[in-house]
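Before anything else, here is the set of structures, which you'll find just below.
Two complexes come next, and they have one chain in common, chain A, joined by chain B in the first and chain C in the second.
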Partner chain A sequence: MVRKLIFSIFRYNPADPSSRPQTKKYKLEETENLNLFVALNKIREEQDPSLQFDFCCRAGICGACAMVINGRPGLACHTKAKDLPADISLMPLPGFKLVGDLSVDTGTWFRSMNEKVESWVHTDKKFDPQAEEERMGNDVAEKIYELERCIECGCCVSACATAQMRDDFLGAVALNRIARFIIDPRDKRQEKEYFEVVGTDQGIFGCMGLLGCEDVCPKHLPLQDQLAFVRRRMGIHALKRILPWKN
Partner chain B sequence: MQIIYSDLLCIGSGLAGERVAIEAAQAGFDAVCLSLVPPRRSHSSAAQGGMQAALGNCIKGEGDCPDVHFLDTVKGSDWGCDQEVARMFADNAPVAIRQMAYWGVPWNTVVPGQSCYYKGGEKLEKEEKADCKGLITARDFGGTAKWRACYCSDGTGHAMLYALDNVAVQSGVKVHDRTEAISLIHDNEKCMGAVVRCLKTGELRAYLAKATLIATGGFGRIYRASTNAIINEGGGLVIALDTGVVPLGNMEAVQFHPTGIVPTDILVTEGCRGDGGTLLDVNQERFMHVYEPEKAELASRDVVSRRMTEHIRKDLGVKSPYGDHLWMDIRHLGEKHITTKLREVYEICKNFLGIDPIHELIPVRPTQHYSMGGVRTNKDGAAYGLKGLFSAGEAACWDMHGFNRLGGNSLAETVVAGMIVGEKIVEFLKENETGFDTGVVGSGLKKQQERIEKLISGEGKEEVYAVRDAMQDVLMDYVGIFRNEQDLSLAVDKLKEIHERANNIKLKSNGLGANPEMAMALRLPGMVRLALCVAYGALERKESRGSHAREDYPERNDRDWLVRTLAYWKEGSELPELKYEPATTIVEIPPGDRGYGGGKIISAETKEA
Partner chain C sequence: MRIDSTVYVPAVSRQAAYLDWLQMFSGICLIIFMYLHALFVASIIFGTGAFNTLADFFEDYYLVQTGGPVIVLIFLVHFILAARKIPFSSGQQKTLWVQSRQLAHRDTWLWVVQVASAMIILLMGSIHMWVVLTDLPITADKSAARIQSGFWLTFFLILLPLVELHVGIGWYRLGVKWGLIKSKARNKVKRFEYYFTGFFILLGLVTLIRFLFVKI
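Let's turn to the complex of A and B:
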């Protein structure tokens, strides 16, 4: 039997003075291999051309399409209808500024996060175009890549109670980024410098360790391990500052 | 009306746009990048397989050097490329890749010792050398003499884009994301910037700059089935074409990738075949080696795509509700290889098809993939026709790809061109001052404002998505892999009609704010013009070269067609005006046989004096 899906979608267009936040219902017949990317486009093209949402790669690699799907943050493009009940509720990702309907401004948030954690290789070396590349063990490269896999979708931020309570909390994504640079031998920052960025309540000490973040990460990044890793490193550093003889 | 000034305006924040912006910012100039999406979501992030650079570190790449890379690139292009540019490219790719390493890309590196690999389903052994330990390694890609595709697991483009955007943040490059350039501001001689629509609020702004760069990537989405991200709609090419003075080069040169999955058209990387994946038909038998005894599955992608289509036409494809397809088999590579080296592929199959490629076959078919054509520039990246306008990356026709791009050569192009064009732009900025004519700026803005108003309250009759579908269907049906006079004439006629319809749209919604229907309605007429450049260019090019395969002119004709098509669009016309220029002025390697693809050649020697 073909299922009749009922989508309850959050609607609000801040640019339209007559628009009020509300939930609208749309009906759609389920077809083979239907996912939310196909479904939402069908709804827009056949029922309501003003509906705002974000897709880009439609392949689960760019992070554009995160939204709250039946109460849980996730990537719409890689959510299959057959894994959902017939009643599907879609809400924009909390924690980010609303653009309209299901579309939120993640770009501004992540740019600011990248600035705060200084998400780049810190080095005194100058690039020498004539020289051979610096050697790196393949295992080290693969370890860095593991953490580099984050697609800045924002799911972890929206699932994190701390981030929802305080605007300045950096979130698991930032701590994962820091971990990525800590293990990168090209980055010459010392513990002290990392500490200045994340050794605060905005950073690792604000995290309550409830791990909403890891549960929802569509890339299955080992966020729990990274939080523990950064916490340990920063904890030791904090201890050293209080007990200087430990140095 | 907001006016934003900068030294350099980069339209596009993918690898090419950001690489150029970084060059300018590090030289002390004020660089602003625009992007439809946050920069890290640009389509560059989707490139999985690898970037070509002749480092020759891994054992199967031993002896590699820029000369060999150059030769592969020229052959790949079917002698359609500009050889001077291809040479600059091959020589600089090693520098560019090492710079990316310096900036933080975790390239996979050489691990000394024995390991096995697969070729055409056969298991083979290789031994990596101890003295290359830790240097950037490479994998095999189609159409190359050596293993040259350097990679980061299967997220090469992602890792490169994240590294570059990190450097952009560090260098103070400003990125205005969710913005769309919808026309260039120019006086027929020089470019002064662009009219831009904010995709958060719907408002129009003018961005004025001394130099403007178009780095908007490919335009695959004029086709219905494309591996490209859905934002790849060719906006940058449209605004260049609409100036009337800037030509687009070789728009008929459109590449199809052999392995888009059915039905969602998501690409599974060439790395699958490179690592030993095979193609099977309805009888689950290999067939590529029959057509291409030497390279089999590893021939260049235009050849593999064409052979697949040929095989499907012999009724040896697999029937499905979404049309015929073939199978890709990677089962023999084993669980470990598939879940690490080809993890993205594994995830795509699981998440989007519900298929487990460790035990099951993957349904694939050739799908639109890459646009060799684009804004025609000289070797410095300066666009023909307007001073102060530049282009780089997939949006440009620089032209190192000619009629077929090799896998791994476009990631390389973005950062090599980004480096070279970036340096040229810095020189340009140092040497030139400019003035902004307020009259030109004002009328540019007004024109776009009027288009917007007309879409909301004008007399239009057409519905935007229906017109878009019509355009995509025409391209799929008549301007695909195999082409002929009859289909192409029909396509041109239909597209002319669709162009009129696209100019007669009225919105169903109110168009306020970041309204998506408005965005599509503003884009569509330009997309149809691009479609016409492709179809008309293909109709007029009476030969087969690289990805342009004419059934009625099967031979490559170096006597008459060793040329690049230049398409101009005069305002108000219904077809582009086509001009031609020699494919290359410098000839290092005279036209010859590619060594794959079969096909006859009409040699330039037969030209009458």
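Let's turn to the complex of A and C:
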């Protein structure tokens, strides 16, 4: 039997002074292999052209269609209707600036985050386009690549109660970024420089280990282990001042 | 994370790291103490003789007289350190509540349990330590009399599960935060933690029931 899906979708347009936050219901018949990305496009095409939501790649690569699906942050294009009950609630990601309805501005947040943790390889070496690229061990390259897979969708920030309670908390995505540069041999930054960026209560020591990030990450990044890695590195670095033999 | 326009000034202080270490160490001390405490009072199961022998041992070597106040101190320090994370403002509490309900995520709920139990343990634990430490020596008769009065039985029936939940979730969280529990082992360890906590709650209940039947 074909299910009748009922979508309860958050509607609000901050640009329109007469708009009030509300939940609107839309009915849609379930089709085979229906995912939420297709469902939303159908609703917009057939029922309500004013519905705002973001999408780009429809393949879980761009991270634009992240939203709160039945309470959990996730990617609309990754979520199949058959895995959900017939009542589906869709909300915009909390913690980001609302553009309208399900669309949020994650770009400003991520730009600010990347600037804060200086998310680039710091090096003094002059780039020589003629020179052969420096070699890197395969295991290191793979480790870096594993963390580099982050698509900056914002799910981990929205699933983190710490980030929701304290808006100055960096969040798992930033700490994962730092972990990526710590293991990168091309980055000349030392422990001290990393500590200055994340060795605070807004950084790794603000993390309370609730692991919402780990459990919702659509790319299944090893956030739990990376956060622990950064905590150990930063914690031990801080101890070095009082433990003389650690110097 | 807040978006601001100020120029980023690097943190020069290591205070956050030190406080995090201290929170962990005070937590570990209290976890070890609580499990040992549960085992020691459970000696009443083997009769008042066993209980009194243990109590006498700890007093003869001044372990109660010195350890008691130290535990009180660690208890209070742990509260002050952990309070850095506890949401005291109603705004934060509301955010946490809405987030926990919406997300329906076990580990987030476990933290809510830890925070709520912490506040009750702070009050009831203080009362418990005051009552016991101002009425030394500890004897099976005195403990049994307290529990048989009824009031203290209710008191411990509330305090016992809250303490066990708090310390059980506590070591699990320390493990995942510092990487002693890896991602792969997390679910297994979490299940073990439930059984472990269940065992100590049960042990505590048996201890309380045994105290009810001690002839004074």
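Everything below uses one rule, namely that the second predicted complex is superposed on the first by the 241 of 247 C-alpha atoms of A that agree within 3 Å, B and C clash if a C-alpha of one lies under 4 Å from a C-alpha of the other, contacts with A are read in each partner's own complex, and residues count from 1 in each chain.
Just so it is clear, a residue touches a chain if its C-beta (ideal position, glycine included) is under 8 Å from a C-beta of that chain, and two chains touch if they have at least 3 such contacts.
What you see is a predicted model; the values in this text were computed from it and never measured.
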Chain B versus chain C as contact partner of A:Ala86, first or second or both or neither: neither
First (chain B), second (chain C), both or neither touched by A:Ala228: second
Which superposed partner A:Arg135 touches (first chain B, second chain C, both, neither): first
Touched partner set for A:Glu115, first chain B, second chain C, both or neither: both
Chain B versus chain C as contact partner of A:Pro14, first or second or both or neither: first
Which superposed partner A:Met208 touches (first chain B, second chain C, both, neither): second
Partner chain(s) touched by A:Arg44 [first = chain B, second = chain C, both, neither]: first
Which of chain B and chain C A:Asp184 touches, first, second, both or neither: first
Touching both chain C and chain B, counted on chain A across the two superposed complexes: 108, 115
Chain A residues within the chain B interface of the complex: 13-16, 32-33, 35, 44-45, 48-52, 54-64, 78, 80, 99-100, 103, 105-108, 110-111, 114-115, 118-121, 123, 125, 127, 129, 131-138, 140-142, 144-145, 148-149, 151-152, 184, 186-187
Chain C-touching residues of chain A, taken from the complex the two chains share: 68, 71-72, 94, 108-109, 112-113, 115-116, 157, 159, 161, 163-171, 174, 195-197, 199-203, 205-212, 214-215, 222, 224-225, 227-229, 231-232, 234-235, 237-239, 241
Contact set on chain C toward chain A in their complex: 1-4, 8, 10-14, 16-21, 84-85, 87, 92, 95-96, 99-105, 107-108, 111, 173, 176-179, 182-183, 186
Of chain B, residues touching chain A in the complex: 37-41, 43, 45-46, 95, 97-99, 101-104, 106-111, 133-137, 152-153, 155, 158-159, 162, 165-167, 169-170, 175, 177-178, 200-202, 229-231, 263-264, 266-267, 321, 344, 347-348, 351-354, 464-465, 507-510, 512-517
